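What follows is a pair of complexes built around chain A, which joins chain B in one and chain C in the other.
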Partner chain A sequence: MSAAGQSAGLWQLAWRRLIADRVAVVSMVVVGLFLLLMIASGLNLIAANWSEEVAVGYAPPSFVGAAKKTAANAPRQADNGPNAYPGTVKDPLATEIAELRRQLDGGVTTSSEADLELGDLKVVDPLAKEMAEILGTTTVAARHELADTLPFGADKWGRDVIKKTVKGSETSIFVGLTAALLATIIGTVLGAFAGYYGGRIDDFFNWFYNVFTAIPYMLLILAIAAVLNQRGVTAVVLILGLTGWTGIYRLVRAEYMKHKSREYVQAADAIGASNRRRMFVHIFPNISHVSLVQLSVNAVGFIKSEVILSFLGFGVPVDKVSWGSMLNEAQNELILGYWWQLAAATLAMALLVTAFSMFTDALRDALDPKIK
Partner chain B sequence: MNGDDIIISVQNLRVSFRLDKQTVVEALKGVSFDIPRNSTVALVGESGSGKSVSSLAILGLLPKENALVAPESRILYQGRDLLRTSQSELRQLRGRDFAMIFQEPMSSLNPVFTVGKQIGEVLRVHKGMNARQAKARTIELLDEVGIPEPQRRYDAYPFQLSGGQQQRVMIAMAIACEPKLLIADEPTTALDVTIQKQIIDLVGALQKRRGLSVLWITHDLAVVGEIADRVIVMRHGVVRESGDAKEVFAHPKDDYTCALIQCRPPLDRRPRRLPVIDDYLNGACLPAAEEMQRGTSDSDETVLEVRGLCKYFVSHEGLFGKRITRAVDNVSFAMPRGKTVGLVGESGSGKSTVGLTIMRLHQADGGEVLFRGKNLLELSPRAQMEYKRHIQIIFQNPYASLNPRFVVGDILTEPMRLHGIGVNEAEREKMAAALLDRVGLPVMSLRKYPHEFSGGQRQRIAIARALTLKPEVLICDESVSALDVSVQAQVLNLLQDLQDEFRMSYLFISHDLAVIKYFSDRVVVMNGGEIVETADPDEIYRNPREPYTQRLLASIPRGLPAL
Partner chain C sequence: MSAYILRRLWQMIPTMLGVVLLAFFLFNYVGGDPAYILAGKISSPEQIASIRRQLGIDQPYYVQLWIFIQQILTADFGSSWATNEPVSQIIITRIGPSLTILIPMLIIETVLSVLIAVGVAYVRGSLTDRAVMIGCTVAMSVSLLVYIIVGQYVLAYQLGWFPVQGWGNSFLENLFKYSPLPILLGVAVGIAPNTRLYRTFILDEINQDYVRTARAKGLSENTVMLHHVLRNALIPIITNLMTYLPALLVGDFLIERFFSIPGIGREVILAVERSDFPVIKAITVYVAAATMIVNLVADLLYQAADPRVQLK
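For the complex of A and B:
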């Protein structure tokens, strides 16, 4: 107890138990670092230029060493096909424009009227601006030599895998956390009503729950995706949040059923506290550890689910990168022996998920020391 | 007493528990006692006295992770030190030579096996009997512990037996291997008085017949007087007094023993205040204070009247089947202003349901509760709010009735806020502080959480919460049953003072006839949801009319001498 007379509540005691646990502290630091990474990336402080081409396609990690100029990438310098290397871009309208200019300058003049009209005319290349840009970038790109190796390699378009992983963490963690938050809120509120009121309200919510869980998970995801009819981070969050509340609902409902007949809730009833007050002011703080642990469990699960969604093509759009989309790309690369993108995404995900799970376990122990 | 007569000798036992890295709590501070052969030794103490830790140490069941036993400690049994015996040897000893019965028979029996199987298992493991022998012996044992129709009960599951029968099964299991020492850890605390009486008699008979030694652990001195040959009184991990039971009760040498004997409400007298431990520890054994008059008269103003109250619980059986349990059936009584009505009965008698139904925490199925001419059971929730102020309740378990996430200040100001008492938060806080002071807690408690208080202190907080609304009727639902005897005396004294000060009427619900007799002006005896007898407390004590009341009275342990 401090001198001020303010003493530690159950939350503070739980916090003290948490920071006394070495595993909890280490996992918290790891999760914290990932969160910092996500925020810094979101503010464009790091990895803002992840989509820039900085190396040759599929540049291997430095510790592996530069690949030999194999048939896979060398010939692309020469051919001028649609995948042509940017240094060799030619202006496709150049010949036509030149022909027109030639006609105008030393051209055939038929009448004075025509002379007057044509005097103010100039041949304008309608695509000149765009072309200049294209030529400009390619010249900049061409100016500094593309790297043969990067610390952890590059993808098909020569983008740095490390930067991609960092940028990917932004999407993945954001999706995981917000979807988990959404699912926890839905599950907790429905569970609270069903468990507290019981009777018909409970029957109704249970019926809803049963219908929901009776539909195969993948079908449900496809259905919601079809209804939302859009792709992007919001859609992924909604899909995961709207399908993931069921587990929390059952746990919270059971807790409310247990707590509603506890003496402290009866005592609140006796002093005249309303149903809503009993539900959310009296009971909720006593069961919130369940929601909190479930939030954490779900965040881990949803980071993994996002991968599956991306794999199925319901993930984030192509102009964004997430660990899921990286793994999706990696399935083709792996056949060619380019393993580094897979390794980077897997490593980052394994580290975060492990740390998060360990943190969740420690959190549960700290919040409910009796279970252990 | 020579060495051969002693079965177990505990010498200078010191046990501490490590709570976390910094905190180590000393539970036993050098405890020594002997358990003689063929006798019953009672280990008496309140919660935290270390009585259970002592028994766990004898059985080698102290938690390995955080229990520290001092090197000089010894527990000698047949020439060896149990503290230095290997776990596998101890396990053998526990089955063969020592046995234990616990407080909660329901949680000590495995619910998915029949009782016959559970007893039979002990016989087969420790006695090497085959299935047929084990069954025959089990039925003998069930018969010996007084279970009716042992042949049929052999195949019963624990939940099919009553609490008393479950405890008998536990005892049968404990004596199955003919142990030399039986440790009984509060074996009757969870049982009704009539059942408690039977179990005490049973263990007493078994002890004599089989020549066992029994270590009976309890907080209740009255039980001890009935059964024990020797008494050891413990407090805060120290033996305060030990000796021959009759001698200790007749001439207690220690102040604490003296206090424990005195602070139970006596059956034959009614002092105005019950003595509390502090009275004794500060001075010598004090003479009892002035007597108090109890009883009601016809001129008493009636505050609350209950007429024909009914509450049924419906349980569904099968598809269409229904079974109606009449928890409360046609109960009527009146509560006079400033007086206490005691509602007494065994578990399942419906006495608590009466309290909860009056509060409308349960919906009644019939009858009226009249308060100021209004039937409270008919009011809409909104109209009822006004009446909630006037009728308040204090629950049994102070550990469960306070919200653990609220500080005491919030617990006390919430009812005032809900009922618009006090102009602003500052005023309410001032009123809460005054109430805390009134129930005997320091004002700084306002910022503390319930878990920082002991059971007695929490019950004081619960009382203060009820008082915030200045009720006219206070329902005390087993409000002192979960407390240690010395704390019980303090809370009863406080409740009496508050009644005198605020002229409140109490509905005092309890299973403890001694407390009811001491505290009530009028006693209502309930059984099976119905009122058996309503009478003056002295009248009920002197000439109970109904056989049920007589049985209840006869079961009260009277081990204590009338001092």
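For the complex of A and C:
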């Protein structure tokens, strides 16, 4: 970057190579779209109302058609079918207005039918009353427009699977990227110290490395999950980040060992640069491509790991949705024949992971100075 | 050779000590006071104090660490907090089912992926090669959970070809009745990444001079590929296989959980769910020790397979 106008630097060359690679460009666009999705969903621009009940429970995808079995449970008003759904540019005050109306009407007239429907369920579900209280008016208001089908179906509670997948993508990608960033920082810093200083410091960090790699990875993750005993995005990021630094540590350490005696580092020493400055200002830019590729590799791996952790129930809490928790729900739904949630989570994840892996390969090739 | 083995064993001591310290730190410090976990939600201060005395956690940390080291050396970790079963008993009885699944899985997976890799490496650059490679990338992107969920549903639940889950008492019944589907799904999960990896190993060999020499002397393509190329590519393949060996000791967490196979992996997941620290702690320490031994054996075997390797 600093050598603008002169011969192209490593990054410029790498960027040119990346752009010339059609597969790389396509995968970069897909990954970019997922990132935009994550940010938009994180800022509540899209899928903010994912937890709302917009259809009957297990409403099938539109292209399958409404299920006959559930027709008896469905409120009569929902005859307008799939077309009812795209019109959900919802009045943000709808719930409040409904609440006011309900209070005016004594809370029975508009929602009597829906309440009657709920009546039978309340007997079965001991928490139904509490749930109804928690959900409050949103349930009542939403009941009027419950759809028979949705573009990609609904889950048990009538939530839109597409919105759920978007929200799940937000969690899974965020966790994967943040954990990868944490692991990369830990691995790079430890690797830099071990490789640069050598001697005792190297021995110490190598010992640390040996201890962490002596325990099989999944066992280590589960052991840390057991002692943290918390469900949450931060906990998952910590679990994955604190266990996943070993691979990058080795690579960065090897790079620092190679670079520390090069002429430019000796020159930096001669002009009086401190050790820290030599490590992070002089050497780091020359090995940062290793960290970058590893960041990408780790992100893919951690997205997969997060899905497994959340599936097992050691990941994100129940009020958050991730691809893993979707797969967990889908496992039981599949036996009942409701396959769409499984398909949605699988497709979203496969698309991202394929694109991300291809991008990582392309990035590695583009940054490899041996290929010119 | 014996000097090498002795030195390696000597080097294991600090690592093992580190694992013990890490396990101690995690389970006695980060994990919180086990007395509260054990006593449950409703507990009086007297109960807590009595449990703490029983577990020895009212002692200072160095005494607790010493107790832990004694437990490791005598293989007596006490009992599971959840089931009261002795922890050593748990480990011994759970390892069999894990191996029943994992050993056939590893063998079938390796044979199949090596054969496919030889095949696609031979026609490298062709449409078949590229199609198989893209297929592998896509197959690797689907979560392994999906393979297991869908496989169990379609093959066991819908088609009824296999039992949905279960485990019996006789080894043969387990191997031939309950294991085939878990093994099949495990192979399906592992075959794509292995094929990709082994293909690169074979490609590294296929352009070597000795291959040209072998062709020049008029050997058949089969002999060249199987006797010359594959034999040399076997060295990195074996190295890669060795990295899987420690995993044999912990079992396949997900497959064991889905198919209710009473192996080590399922035990770990159950222990995490129940905060059953003695079980996880013991398994972590033993598996780490076993991993180091297995790695040493792997290095010795490696030298036997490749005389060029010098053990230093």
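Worth pointing out:
Convention: the second predicted complex is superposed on the first by the 279 of 372 C-alpha atoms of A that agree within 3 Å, B and C clash if a C-alpha of one lies under 4 Å from a C-alpha of the other, contacts with A are read in each partner's own complex, and residues count from 1 in each chain.
In this section, a contact is a pair of C-beta atoms (placed from the backbone, for glycine too) under 8 Å apart; a residue touches a chain by one contact, two chains touch by 3 or more.
It should be emphasised that the depicted structure is a prediction, and the values quoted were computed from it without experimental measurement.
Shared-chain residue A:Val64: touches no atom of chain B or chain C. Of the two partner chains, neither chain B nor chain C is touched by A:Ile19. Taking chain A as the reference chain, the count of touched residues is higher for C when chain B and chain C are set side by side.
With both structures placed on the common chain, the touch criterion links A:Asp269 to chain B but leaves chain C unconnected. On the chain A side of its complex with chain C, the touching residues are 207-208, 210-212, 214-216, 218-220, 222-229, 304, 307-308, 311-314, 323-324, 327, 330-331, 334-335, 342, 346, 349-354, 357-358.
Those residues of chain B that touch chain A in the complex are listed here as 20-21, 356, 359, 361, 385, 388-389, 392-393, 395-397, 400-405, 407, 414-415, 418-419, 444, 447-449, 451-452, 462, 465, 468-469. Listed in rising order, the residues of chain C touching chain A in the complex are 14-16, 18-19, 21-23, 26-27, 30-32, 137-138, 140-146, 149-150, 153, 157, 246-247, 249-250, 253-254, 257, 268-269, 271-273, 275, 277, 280-281, 283-284, 287-288, 291-292. Chain A meets chain B in the complex at residues 1, 5-10, 20, 262-264, 266-273, 282, 285-286.
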